[in-house]
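Same chain, two partners: subunit A is paired with subunit B first, then with subunit C.
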Partner chain A sequence: MAIALILLVMIAAYVIAKWRKLSVELCMLSSAVAGGIAGALIVQAPPLAQLARHLVEGTFTYLDVILVFCTATIFITIIAESGGVNYVVRGIIRTFYYKRVVVLLLLMFVILIPGALTGAGSISILTVGTPCALALGYLGIPKKRVAAILFIIAGLSAAAPPVNIWAMIISAGTAIPYVGFELPLGIPVLMLGAFTIFVLGWKRESNLELEEVLKDMPDVPAGMSMWRVLLPFLVFFGLVLVSRLLPFTLPILGLPLEFTIAAAVALLVSPKKLNFLILSRDTVKKLTPLLATMAIVGSLQQIMTVTGVRGLISFAVLSTPLVLLYILLILIIPISEGILTYGGAAIVGIPLVWFLDSMGLHATVVIAGLSLIWPLGDGLPPTALIGRLTIMFTKYEGTYWSFLKTTWLPWIVITIIGMLMIIFSSELSFLVRWSM
Partner chain B sequence: MPVVMIIYYIISAFIAGLLIWNFIREKEDRQKMLLYLIVITPIILRLFRIR
Partner chain C sequence: MNAKITKILITVIVLAVLSGTAVQFYGHRHYQLPIIAGPGVTKVAMLSEYCESLEGTAADTHIFFLQGKEKGGKTLLIANTHSNEPAAILTALIFLENATLDKGTLIIIPQFNNSGSRNTKPGDGYPLYFDISTAWGSKKFRMGNRNASPLDQWPDPDVYVHYPDKQLLSFLDVRNTNRTWPGRPDGPLMERVTYAAMQIMREEKVDIAIDIHGAETMFPVTNCIVAPQKSIEIATIASMYVNAMEGFENHVEPSPGGFRGLSHREIGDHSDTMPFLLEAPIPFLDQPTGPKTVDLLLNGKDDFLLRLSEQKKLFVPYDETGWPMEKRVGQHCSVILEIMNQFSLANPDKEIQITNVPKYAEVLENGVGYYYRDPAKVDKNRIYKN
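On to the complex of A and B.
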């Protein structure tokens, strides 16, 4: 009863902060502080004198993820600013304009790569959103469908390997190593991405000549070539591969350092002179809400643990009948993302994986299945992180809900695939073995 | 201290520097200033090896 009261105080603090028009990150911080104070007063945990220590200590939980976010986004921004993204999109349109299957698949890959490397679908929209939206528009796809394609594929890109923040958070919180996710995440992401782009982008509603399209597309800096775009990616994937193949010969570099080396290569081969400091400063500025979310989610998690609220939620998950839990997941997972962004993985995901693991399901495949459903919540209020960015970058002028309604079919299919992966995780465990 | 760890300290210092730069440049949005401080905190504490 006392712990339920603390949970109520936390929810009330979130609602009041939202009513006072604070950002989502500060709403979560208010909730953590209020929960800590309530815990200190009601159950004497944490002691009031220790509250600040717990809040600060929590911010360290995802420090490694913060470093990955920063270095990966600086890397992909260098590629975009040097004209690499425009070069690739222009090349795809020029070569495959009349081969619809190929052009759609290639554009899907272009949208998937930034999010897959950074773990944030919003980065896909920020870096390749505008040129890809233009290219999809030139292929005769109406704006509403272009927005829906970008939103769903950017969401899937966040779930795609090598960096999946939901999986990283749950792995860190459940002591499951973040390995073996490549195939359980990669295969469904590619299948669902292809399904989405074909379902929403197959029908052509207008027809432009190739010359007209190329004239309208953004210019590419002189001297840009395919090897200048490919070399930084080859260096990055090469480092990832070599560290896997020679684990006892090479020192462990880690993703942030691998991204930093790739960023240095991208900067060296850029045909355009880039101001690295200004570019990095502006990138970190854009990233700050995401970075703060990671830091605050750590604090929130620490407070929920010390006050017993996390245990209460775990107990609620444990005591829910399995069939009812599966049905509720369809709603709980996207809604938790819409309210808490990545915090949903820490608060709902960790006890859920503990529970499903104890039921004999394969934890890695379960996490992969959940990670497919979480990005859908990035279109739901109050945060609607990717959804709002998509509307902004595609310049869609209709209502937000009309755009969201267009995503209904991929939304349902993604949910079904995610749920099937959870339910049949033991049967799919060979994907994890093949990834290692 | 291994070389890789030294490089990580340099990367962290660089990111902390960028956050401080943005914090100083931010004149109006107090919520954003608070977010910068929240993100800087663990990085600075780790850099000075307090935590």
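On to the complex of A and C.
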């Protein structure tokens, strides 16, 4: 009862802040501070003298993700500013404009690869989002559906093997080896990715001739060539790949440094002279609301944990009867991602997998099924991590909800496939065996 | 002008909050726990003596040798592999401050992941410290994290490739000293820590290695001894003994062959030592609990867990008494003693005879703090700050 009261205080603080027209980040900060004070007064947790420490400590929860966002965005901004993005889009359109199946599947793979390698769908948007969005646009797909395609496939890329952060967090927390995920994740991701891009991208709204499209496209700076565009990407993916292939020979670089090295290469090979300091300042300024969200989500998560609110939510999930739980998972999983990003995997995922495992379900397939549904929550507020990046990088100017509504069909199909994988996990366990 | 004043005011408040918090974090990272070498301690070394590249790093830590009067078997006791499972260090200190050996050798590393013990866990709302009551006051401990501090080992890879098996593990596990076994001398810092421990086992010809842990009540592998095939017979007999003679359950879990990097898997595969990993329930780490207080950490009483227990969703018996620290530490003490006893019975030429260590019932009755010495009353040369 006392903890429920703290939760109510947190919700009330959020609503009041929203009513006062504060930003999402300040609404969450208000909620965290109010929750912390309520916790200190009602359950003496955190002790009042420790409240500031908990708020500050929480902001470090996603520091690595924040660093990746900064460096990856600076990298792709250099590529864009140097004219590389326009060059690539022009090339794709010129070569595959009349081969729709091929071009759509190719673009799907291009979006899937960065997220699959790093485990973060946001990296797909940050690295290849802009050129892919432009290419899809020139294929006659309206901006709203372009944004929907990018959002869904970038989310699927995060779930795709070899790196799936949700599965890794749950595996680490449940002592289930992170092995055997290749087929249970790879097959549905490819099927659902193809389904999404064909359903949302097959219909051509505008039907221009290739010459007209090419005339309409932005100019490419003189001196831009394929190798100038490819080299920075080759350096980045090369570093990721080499660190995987020679893990015991090379020092650990980490994604932020890998992006920084690739950015330096992009700067060196750019045919246009770019002012790096101005470019990086503007990029970080553009990213600030997103970075603030990540920092505050960490604080909110820490306050929810120390006051017992997180425990209350986790308890409510686990106390739900199994059939009702299956139904509620459709909402719980994306919402937990929307509020806590990867933290949802720890708070809800770990006890849930233990519980379902004890019911005789196959844990690895269950984790794979859950991992398909989690990225959908990256479109939900307050964080809406991939959703907000998608809007930013596709330059979609309609309302956020109009973009999100466009994703309804792939959203439902992904949810159904994910749930079927959870419910029939034992029957699908052969996928794990075949992966090993 | 108003906006300017508001901005200055907000900046001042933020700086004040950050400064106050920074002082707390600094204090936590640099707090030195006084570890008292008891009468049985015959030698104190550093982990870096077994892996030179650890010298001068935050990962270097004390190793205590308790050499018996006669030769016999050798046991390595590892605590604080995960510094957020404090029953481990509390158990290790009971052995360190009290045990004497007639036969054999006991080697104790009380703060195995020293860097992790000086780290906090953002997002999880841990207290910075906890106190254990003793007859002479209270003994203050750092509450650490499962993983080493990024201040000591950074950056993390995008995915951790386990050495030498190349199994992919979560990127965080590169700082987890129960995923970096068997380690290597020139790898990331935590791989060097586990490598150093492997070197102790190889050079000192250690017979038994016991890695002390805690696990959630909702985790299937809890309240148990985890053992690979080579140790499972001794683990099983020890488990049966404590169940029959001391009245507590502590079952045996086989070490999974396909899950790499864990002490109970790699020690056995890469040395002649028999590994055992002990798990005692720690309700504080469960997700569905109330406020994360020091009281929950020490007493393990929680209403949510009690209700989940009634729904049969926990993997250990759980009632209104919770899982107090005395119970967890007492279990560890008895299981460790019994493993050594069973090893001695199976290997009479390598007998280990240890005295002055309390068993389960005694720890339950007296409490944990009863077994800690007052630093003010011992020879200063016997106090080691870690």
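The criterion applied here is as follows: the second predicted complex is superposed on the first by the 252 of 436 C-alpha atoms of A that agree within 3 Å, B and C clash if a C-alpha of one lies under 4 Å from a C-alpha of the other, contacts with A are read in each partner's own complex, and residues count from 1 in each chain.
Just so it is clear, contacts are C-beta pairs under 8 Å (C-beta built on N, C-alpha and C of every residue); 3 or more make two chains touch, one makes a residue touch a chain.
Since the structure is predicted, the reported quantities are computational estimates derived from the model, not experimental observations.
Colleague: Output check: A:Y138 vs subunit B and subunit C. Expected answer is one of first, second, both, neither. What do you get?
Modeller: So A:Y138 meets neither subunit B nor subunit C here.
Colleague: Determine, under the contact definition given at the top, whether A:L253 touches first (subunit B), second (subunit C), both, or neither.
Modeller: Touch status of A:L253: both partners.
Colleague: Please indicate which partner A:K285 is in contact with in the superposed arrangement: first for subunit B, second for subunit C, both, or neither.
Modeller: The answer is first: A:K285 touches subunit B but not subunit C.
Colleague: Does the superposition put A:W374 against subunit B (first), subunit C (second), both, or neither?
Modeller: neither
Colleague: Of the two partners subunit B and subunit C, indicate the one touching more residues belonging to subunit A.
Modeller: C
Colleague: After lining up the shared chain so the two structures overlap, which partner does A:C70 touch, if you call subunit B first and subunit C second: first, second, both or neither?
Modeller: First partner only.
Colleague: With both complexes superposed on chain A, which partner does A:Y87 reach: first (subunit B), second (subunit C), both or neither?
Modeller: Neither partner.
Colleague: Report for A:I303: first if it touches subunit B alone, second if subunit C alone, otherwise both or neither.
Modeller: Only subunit C; A:I303 stays clear of subunit B.
Colleague: Go through the superposed model and pick first if A:F393 touches only subunit B, second if only subunit C, both, or neither.
Modeller: In the superposed model, A:F393 contacts neither subunit B nor subunit C.
Colleague: Who does A:F151 touch here: subunit B (first), subunit C (second), both, or neither?
Modeller: A:F151 sits against neither subunit B nor subunit C.
Colleague: Which subunit A residues are contacted by subunit C in one complex and by subunit B in the other?
Modeller: Common to the two interfaces on subunit A: residues 56-57, 59-60, 63, 252-254, 256-257.
Colleague: Going by the contact rule set out above, which residues of subunit B touch subunit A in the complex?
Modeller: 2-4, 7-8, 11-12, 14-15, 18-19, 21-22, 31-32, 34-36, 38-39, 41-43, 45-46, 51
Colleague: Which residues, counting only subunit C, touch subunit A once they are in their complex?
Modeller: Those in contact with subunit A are residues 17-18, 20-21, 24-25, 120, 122-125, 127-128, 154-159, 161, 163-164, 166-174, 176, 184, 187-188, 218-221, 256, 258-260, 286-293, 302, 304, 307-308, 311, 313, 315.
Colleague: Per the contact definition, I'd like the list of subunit A residues that touch subunit B in the complex.
Modeller: Touching subunit B: residues 22-23, 25-26, 29, 56-57, 59-60, 63, 66-67, 70-71, 251-254, 256-257, 260, 280-281, 284-285, 288-289, 291-292, 295-296 of subunit A.
Colleague: Mind listing the subunit A positions that touch subunit C in their complex?
Modeller: For this pair, the touching residues of subunit A are 3, 39, 43-46, 50, 52-61, 63-64, 117-119, 162-163, 165, 168-169, 171-172, 174-175, 177-179, 240, 243-244, 247-248, 252-257, 298, 301-303, 305-308, 310-312, 314-315, 317-319, 343, 346-348, 350-351, 354-355, 357-358, 436.
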